[in-house]
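Listed after this line are the structures, all set down as structure tokens.
Presented sequentially are two complexes of chain A, the first with chain B as partner and the second with chain C.
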Partner chain A sequence: MVISYVKSISYMSGYFFYLTRKTLKFLLSGKQDKKVLILQLLFTGVEALPIISLISLGIGGVIIVQGVAILPQFGQGEMVYDILVLIIVRELGPVLTALILAARSGTAITTELGNMIVSHEIEAYESVGIDPVSYLAVPRLLGLVASMILLNVYFDIFGLFGSFVVTSMMNPIPLKEYLENLLQVLTAWDLFISFLKSFVFGYIIAVVSTYHGFRVNHAITEVPVAAIKSIGNCFSYIIIADAIITVISRL
Partner chain B sequence: MKFKFRFAEQIVGVFVLISLILVCMALILIGINKRWLREDLYYLSSFPSATGLRTGMSITLRGFKIGELQSIELGEDNMIGVSFVVYEEYINRVVKNSVIELQANPLGLGAQIVFYPGIEKGNPLQEGSFIYSTAVPEGRRLIKDGLVDKDSSGDIIVKILNDADEMVLSLNSLLITLDETLLGYNPGPVGQILDGLGDVMPGISGVLGDVQNRTLPGVEAVLADLKKISMSMVLLARELETVEGLVPKILDPEGSIATFLNDDNQLFNQVYGILDELQKSMGQVRELMTYLNGLSPEISSLVEGTGATIDEAEKVLQGLKNNPLLRGGIEEESPQDSVAAPIRDGEF
Partner chain C sequence: MAGLIRIDDGEVLFNGENIAGMSEEEFFLMQAQSGFVFQDAALWANKTLYDNLAIPLRILRPGMSAEDIDRRIGNAVEMLGVHKSLLIRPSAISSGERKLFSFLRALMTDPDILFLDEPASSLDRKSSDRIKNLIIELNNQKKTIITVTNDFTLARTIADKAIILDRGRLLRQGLFRDILKEHNEDIDDIIDELKGAD
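Showing the complex of A and B:
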């Protein structure tokens, strides 16, 4: 079991570097097929926007309600803005967006690629000299990474807006004052860490989901198994990567 | 073809564009707020401790933020060197004799650095100049000399805390001095007194031993006497409880004293006669004792003679008892008990 696990890790590492090389080649060459990339952005980014917006609005509102209820008891009422930035921008924004994308788009990618193998479409691409990784995996990787970063921006905006809406209902405060207080604690470093996490999480989701999609051999029953493994691995790697980045950013 | 596939590029373009605009706006607002493009001037200062200091904390002038702390580092002289910036629009406040003061809440509810400008108006200090803090003697001297425009109408709590801080410092100094004195490190008069006290202590211990062994028993006897006296006093006090005291008893016409004084000296004469008789009896007893003293040698020789006669009589009786011819010739006497019981045999 250990040997198979090590072989799996080494195989995934090789696939990771191969996909990265193909992605760089895709970006540097002038002959990109933008249609696949745009469709991937549409499916992964635009169509996920409603659920991301809803969740971020709710999270922002909950945080401000809890913060306003608890923090003044310790004389730290002003820290609610620090907590908003810390939780929404640096932590929950990237992580929740990544989990939603992994569950929604990652499984879709794995299932799609698995079905293409079962229906011999991949063999058809190879027979006409088209590299399936370059043609199928690279646009999905770019689309996932870009969608992840863009959705993270929307998550932050809607999360902070949701907290403002709830604050206005509990204790009316001018938008200008709210933004000033928020900008007092929000730094470019916070945004950078948020975008870095989005990039890493998007990359993880793309690599893991395409990897498990290509791992399907012949039977259609392998597809749901691959999808389950894909989402499980995505969640694990996202949490581990989040912990590593958070620790490094605090050093 | 569905709408979203037909206009996929436009939808994705708007999606990306709005996101980019939001990011750019956030960066611009952060840049304005963090003064990325402003030419702020930095200055240096020092504190004896980094407690309460943190990078980014505000520099305020009369409650208005005019700058912020940039860096904190431990210097070669073990002082905490800090650098802070003052926003360019407030540069003209940074003049000669300006000081800064760290005001930290002891309950951990935040801290700030307050800037006090110098009284002298003139050109602003050059960038990189050193500004004393009130935590060092030079800064305190500037305030004491009245060279600093220190706001006297500040927060009363902050002033109380500052006073308390100075008081604690003074108390700490006093305790250190006291501690050194008690340890014998202080060469002052109090230290000498304490040294002498250390030498005297063994003598005091000996005196206390003597007091315990010798004086205390006598004190106990005195205390017993005092106890008796106090009991007498209690009795006397009981007699004096009434407001009139003993006077009514003395003045009672039917009392002994009044009778004694108002019976035409009858009782007095009787007492006087008794005393006279007693005096005469005592004289006779004295004469009898003198006579007996004179007879004592004769009585002594008589007693001795009687003893020798009794011994001879005992021998004669012994011989008569041992003579077989006279044995049983003398009638035995029956003992006769005394009619009156002896006092010693009585049961009490």
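Showing the complex of A and C:
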């Protein structure tokens, strides 16, 4: 089991470099069909907006409620803004957005590619001289990374807005004052870490989900198994990457 | 032979070059010069029929204008006498029509070699005849066509050379008319006779 796990990691690492090379080539070439990229952005980015809005508003509201209830007891009432930035912008924004994308788009990509292998559609691309990795995986990677970055920004804005809405109901303060307090504690470093995490998480989801999709080997029963492996790997690697980036950023 | 399955023994030469030793770029270039019609059509299910025909041109002929692609698809569809809206998905047409579109897709880039996997199997008479006529026409245009079939009537109509296999075992290869002559034109018993001789 350990050997097969090590093998799987080494194959996936090889695929990571292969896909990265293809992606750089895609970006430098005008030969590709951009339609797949646009559709991926639409599916991964735009269609995920409702669920991201709901979760970010809820999380923002919950954090402010808990912060306002607990922090004054320790004489740290002012720290609620630091907590908001730390939790929403640096931690939950990227992580929750990534988990939503992995569950929603990652599994969809694995399933779609797996089904395409079973129905010989991937071979059909090869048969006309189109590289399926360049045509199918690269636009999905770019779409996922771009969507992840944009949805993370959207999550942060909506999360902070959600906390303002709840604050207004509990202890109304002017929007200007709320924003000023937030901007006082929000640093460029926080924004960079948030951006870095969303980029890395988007990349992880794309590599893992396309890898497992392409690994399906002609039997339809392999597709759900691949989707389960894909989401399990995505969740694990996202949490590991989050821990690594957080620790390094605090050194 | 078409390069879709990794070669684990022997060699397949394309323009004198072994395809097993080709770089990735050379391999896809070679594929672009050949067409493949799958037994189950293998059209791209989430694309329209139009896109199924246009994608090879958009990717492999990046300089080709949308109007030229449109014209080429129009001519191809006309040639095969398919009168369907091209804006529907493959799931909305019959299996015979899917096979015809698979043919058209393979022909879009005007390949030198065409691989056909059971081209007329599980088709109604009309579609089967259309496909046979198309193969004959392509043959007249001096295209190299390699067909896998267990339909000896089709083989007799279109084949110059034949390789007769039984469960992966080579029974006979050569000019098909010579093989037929040796067996008194009796195509039904050809396999049994060859197996007996083996």
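Rule of thumb we're sticking to: the second predicted complex is superposed on the first by the 250 of 251 C-alpha atoms of A that agree within 3 Å, B and C clash if a C-alpha of one lies under 4 Å from a C-alpha of the other, contacts with A are read in each partner's own complex, and residues count from 1 in each chain.
FYI, a contact is a pair of C-beta atoms (placed from the backbone, for glycine too) under 8 Å apart; a residue touches a chain by one contact, two chains touch by 3 or more.
What you see is a predicted model; the values in this text were computed from it and never measured.
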Greater chain A contact set [chain C / chain B]
B
Contact-wise, after the overlay, does A:236 reach chain B, chain C, both or neither (first, second, both, neither)?
neither
Could you tell me if A:191 is touching chain B, chain C, both of them or neither one (first, second, both, neither)?
first
Once the shared chain is lined up, is A:49 touching chain B (first), chain C (second), both, or neither of them?
first
Examine A:135 and indicate which partner it touches, taking first as chain B and second as chain C; both and neither are also allowed.
second
Just which bits of chain A does chain B share with chain C as contact spots?
none
If we count contacts the way the header does, which residues on chain B are in touch with chain A in the complex?
4-5, 8-9, 11-12, 15-16, 19, 22-23, 26-27, 29-31, 33-34, 107, 109
Please name which positions on chain A make contact with chain B in the complex.
38-39, 41-42, 45-46, 49, 75-76, 146, 149-150, 153-154, 157, 179-180, 183-184, 186-188, 191
Would you mind writing out the residues of chain A in touch with chain C in their complex?
30-33, 112, 116, 119-121, 123-124, 126-131, 135
Would you pull the chain C residues touching chain A in the complex into a rising list?
2-4, 24, 28-36, 38, 40, 42-46, 55-56, 58-60, 62, 105-106, 108-109, 115
